[in-house]
């Protein structure tokens, strides 16, 4: 599946840093070149189908309606 | 409301850069010190209640179950 | 941005059928070859940046954690 | 609990095809009459309370704000 | 559409208290018998199709994966 | 991390009533003073980092875009 663009406005390019694998879902940590860590929880089947392993190049995607804002 | 910590693993501290205000929801752009832009869509009422204006210090929050992963 | 695969398990390939455009978000209807209608709400900026117009080939994507189940 | 209608615009009627059960969440696959597979992740307690087993008639529900769009 | 049960573990039964209607999405406030206010943002088309008006009996539904926790 | 306010319009203050812990995610039940139970699924790492145990004072948070409405 090749897509040219996606509506998701928050895209964090980086490498898989760590994976905590569970029976149904897994926690995947992505580290960007600037050292930012983005944490995702996806199905374990997807982890295997995407061949996710530490070091793999990925993009973490977040739809803007899923982002909350806290005031300091 | 003061909270000491929140489960949300993805927290992006920065300043409001831009707001596109609509009747019901508004798009809020947050810029982190490293120049990363995080886009959020929240209710316009919340924009007003939080006193969000360009330059205001905020944290953009994303729950890890809302983060997808694309392989390159 | 070209991605080879994405973790999102629910992918509905089709054509844009209709767009209701608002100031901040827009409702986009996608019709699959089998006549299934999938409705999405995304930011209006994304509608313009992706060049979405009726007839455009797209994929509607839904993360499995966002799918609820009702029993009949 | 009987509801006459729900705002959720994406409703996929079908039968449970497969369940991968975990301690806290489970992956449930629903197959529609046209052969479309919709994957959901819900709490394992809900799987038991709804009596979900392969062959059970269900509706998979997706709120439109949770649907992303990728251009081809 | 009549469903006997839904996996969504958070169900708040009440009456519509207020609606702020927008072109594409609307904010709907639901008040429970104990005075709790639950706020929802759904498509304006759904508001019309469900015949939502102040006083209407409804259930506000929240999937548990969408609930965050803050420590005090 | 201390925040003065958060855009999330649905805030349910209460105490942790029960936790079902899994490898990657855990189900956390929060009981409000009026006896309302709100169920959340968050990462198990967050459960430990927030020191969540039965009796702990917390706030359950739900963004309004994540709330669906069913008509009775």
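Chains: A, B, C, D, E and F, in written order; residue numbering restarts at 1 for each.
As a working rule, contacts are C-beta pairs under 8 Å (C-beta built on N, C-alpha and C of every residue); 3 or more make two chains touch, one makes a residue touch a chain.
For clarity, every value in this text was computed on a predicted model and none was experimentally measured.
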Item to check | Winner on C-beta contact pairs when A-B is weighed against B-E | outcome: A-B
Item to check | Chain copies touching (chain A, chain D) - same or different residues, decided at half shared | outcome: different
Checklist entry - With chain centres defined as C-alpha means, what is the inter-centre distance between chain A and chain E in Å? => result 30
Checklist entry - CA centre of chain C versus CA centre of chain D: separation in Å? => result 18
Checklist entry - Between chain C and chain E, what's the gap in Å when you average each chain's C-alpha atoms? => result 23
Checklist entry - What parts of chain C, by residue number, touch at least two of the other chains? => result 2-9, 22-23, 25, 27, 39-43, 45-46, 50, 59, 61, 63-66, 68-72
Checklist entry - Looking at which chains touch which, would you call it a line, ring, star, complete or other? => result other
Checklist entry - Which of the chains touch, listed as pairs? => result A-B, A-C, A-D, A-F, B-C, B-E, B-F, C-D, C-E, D-E, D-F, E-F
Next on the checklist: Using the touch definition from the top, list the residues of chain F that touch chain D in their complex.
Outcome noted: 20-23, 25-27, 39, 41, 65-66, 68-72
Checklist entry - In their shared complex, at which residues does chain E touch chain F? => result 6, 8-10, 13, 27-28, 30, 34, 36, 38-42, 46, 50-52, 56-72
Checklist entry - Across the complex, what residues on chain B touch chain F? => result 1-9, 11, 25, 40-43, 45-47, 49-50, 59, 61, 63-65
